[in-house]
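Worksheet: the structure to be examined is printed underneath.
We just call them A, B, C, D, E and F in the order they show up, numbering each chain from 1.
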Amino acid sequence: MAILHTVNKSPFEKNALESCLNLSKAGSAVLLFEDGVYAATKGTVWAAKVTAAMSDKKVYVMTPDLAARGMKADNVIDGIEMVDYAGFVDLVTEYSATQAWL
Amino acid sequence: MEGGEVKKFMYLNRKAPYGTIYALESLEVVLVAAAFDQDVSLAFVDDGVYQLAANQETTPTTGIGMKNFSPTYKALGDYDITKLYVEKESLEERGLTLDNLMALTYEDEDDDWAEKPSIHLVSREELAGVMDEQEVIFSF
Amino acid sequence: MKLAVMINEGPYQHQSSDSAYNFVKAALDKGHEIFRIFFYHDGVNNATRLTIPPQDDRNVIERWSALSKEHNLDLVVCIAAAQRRGLLDENEAKRNGKTADNIVDGFRISGLGQLIEAGIQADRLVVFGD
Amino acid sequence: MKLAVMINEGPYQHQSSDSAYNFVKAALDKGHEIFRIFFYHDGVNNATRLTIPPQDDRNVIERWSALSKEHNLDLVVCIAAAQRRGLLDENEAKRNGKTADNIVDGFRISGLGQLIEAGIQADRLVVFGD
Amino acid sequence: MAILHTVNKSPFEKNALESCLNLSKAGSAVLLFEDGVYAATKGTVWAAKVTAAMSDKKVYVMTPDLAARGMKADNVIDGIEMVDYAGFVDLVTEYSATQAWL
Amino acid sequence: MEGGEVKKFMYLNRKAPYGTIYALESLEVVLVAAAFDQDVSLAFVDDGVYQLAANQETTPTTGIGMKNFSPTYKALGDYDITKLYVEKESLEERGLTLDNLMALTYEDEDDDWAEKPSIHLVSREELAGVMDEQEVIFSF
């Protein structure tokens, strides 16, 4: 009974990730995709907050979205798991519900 | 849908009204959903709390010329939609209190039709708990 | 598992429809059932048959239409949202005295009850938006 | 003064088209010249004649069309953006083998050069978007 | 030769106002309209930043947008000037160019 | 447009590529604008700096299936569009340096066709100054 939260917007542009992190419970998961993948990259002003969230939540990032934006595994914060669309589907089935932070 | 399964449905509202249509069209879904006898909750977080602001006024002549759909929220009680969760922290960041919102109520048939508030002011912590129990979440 | 999908944005302007397509394809590849895909808000614009996208880019509408045919998908366009935005099938056009219709094969127009039903019947609902 | 306007979003989903309409009307009331209104991105969706909005709400498309007639406005829809999104006039439909067109009276389809020209010729450009 | 900046998004949702304030010069003007009007209201966590901006910029807010959102003159930060669409047009003509922060 | 007025045109890019179409369609305007002999500048601020990221890859099979339009930026130099201002603070907040961006250059006809960078790294302060001088600003 844990929820998969999805965030598709850049944390620099919109407040979706911030709200998601504020309102998601320990044990839930956060999938970063589309422009949301920037939150998964190293060295940004958001990296510390995302790293802190990993203390009690799983964080995933969509590899095809990273690639489109010129990013690779090297750019991703340690501990964030990279998934493709098949992995996205698995997450949706593994968690009890999906909540989109639009 | 008699005899069917009852699921926990949540409608997540995080956007202000008028600037975009999400608030209005979200409300249209909620009204239809009322006929399906599910366990319905509405969450108003972030700019979503502005959807419930009192005294909304739009006119074609001196106003923005869009339809003022805020009276529809007042009908939710009649449709047995009585769990409107408003996040306290979102109100505070915006300098608002419950007094700035419409007074939304319903008549409780289990309590001699007493009039009760539909808006439930909850902390971030409490709202996170409510969200975590949901089975189907509609975002707009 | 039985999955339902809601798409809130139109083609090209936002990535939502692309992400949803890739998600649905992956789900079908894994043998999941797609109970319904519901197009709401500007998402209804994914159902127009009048697009002529650049030849070196993907054709968002054709892709949905073809996938629908291949897997017998139920692609539902919300009637209220569609009427606001100018998406009509032949019947709607006739009934409303409009001189043209623009819905592509593979989509059908229906009410919001179809979205609620999808939420009830499917094991999971996934929403793609802005 | 000579004013030009660019609109980046479609009707109803965003307030952009409403704000632009109210702005243009106020400018005309003050005696300014509207050199051109250019519809780009999803803004092209403001030109469809197939909408059937709820009767208790404004009709965004009709409003533009009527204002255009009254003041002889030059409403230009970007052809590239329009083709991506399924907005076509009769000529475009014929040329591309499409079975319908959907542009309302008062709008014309043309190229991006019309936007640049508006930037050059007008005294001010005002952009409405998301 | 000063610029009119327009902001139509809520400062809580998007970073448009913040960027606008960071990148607009002294002597320029900022018009808050559509969801941007929330930045003009009293008591928010943004009020101090908007008030500070008024030390070297003029700030305007669109009255019809305020009214739609349930706000009146009482709710507006002191020193912000309220305008209607006709006032918007005047601002566009008074300033040398208009820059939209979308 | 010979003999015509030359205006300062700025294209303001604040959004990331692919998530929305604004970056791509903004670039299409810029390419058309090149034929009009105006004084063209491009500003890349906030998530707009991501538009210039090197190594963008999209494929229909394993990728997002959208068109990779980043090579088009490399053609701007040939169209005499050589003033691409990138805000330093925006790069820094994102953990990026110029090395993470595409190397965009042009050949300077006034300097024996020497190859020069089109990307100009500017501080917020400097960019504010450039913006303040503009006569026509296109936002997307």
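To be clear about the criterion, a residue touches a chain if its C-beta (ideal position, glycine included) is under 8 Å from a C-beta of that chain, and two chains touch if they have at least 3 such contacts.
The shown structure was predicted, so the numbers you read here are calculated from the model rather than taken from an experiment.
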{"item": "Shared chain contacts [chain D and chain E, defined touch]", "value": "B, F"}
{"item": "Chain-contact steps, minimal, separating chain E from chain C", "value": "2"}
{"item": "Length of the shortest touching-chain route, chain A through to chain C", "value": "1"}
{"item": "Reference chain D; chain at largest CA-centroid distance", "value": "A"}
{"item": "Identity of the chain that, by mean CA position, is farthest from chain E", "value": "C"}
{"item": "Interface ranked first by C-beta contact pairs", "value": "C-D"}
{"item": "Averaged-CA centre spacing for the pair chain D and chain B, given as whole angstrom", "value": "34"}
{"item": "Distance from chain E to chain A - Cα centre to Cα centre, in angstrom", "value": "33"}
{"item": "Multi-partner residues of chain D (at least 2 other chains)", "value": "8, 12-13, 15, 19, 22, 41, 54, 80, 125, 127, 129-130"}
{"item": "Of all residues in chain F, the ones touching two or more other chains", "value": "14-15, 18-22, 46, 64, 66, 136-137, 139-140"}
{"item": "Multi-partner residues of chain A (at least 2 other chains)", "value": "8-9, 12-13, 15, 34-35, 64, 84, 97-98, 100, 102"}
{"item": "Full enumeration of touching chain pairs", "value": "A-B, A-C, A-E, A-F, B-C, B-D, B-E, C-D, C-F, D-E, D-F, E-F"}
{"item": "Chain D - residues contacting chain F, complex", "value": "6, 8, 40-41, 80-81, 111-113, 115-117, 119-120, 125, 127, 129"}
{"item": "Chain B residues within the chain C interface of the complex", "value": "1, 4-5, 7, 9, 21-22, 25, 28-29, 32-33, 35-36, 38, 136-140"}
{"item": "Residues of chain E defined as touching chain D within the complex", "value": "6, 8-9, 33-35, 64, 84-86, 88-90, 92-93, 97-98, 100, 102"}
{"item": "Residues of chain B that touch chain D when the two form their complex", "value": "18-21, 60, 64-67"}
{"item": "Of all residues in chain F, those that touch chain E in their complex", "value": "12, 14-15, 22, 45-46, 89, 124, 127-129, 131-137, 139-140"}
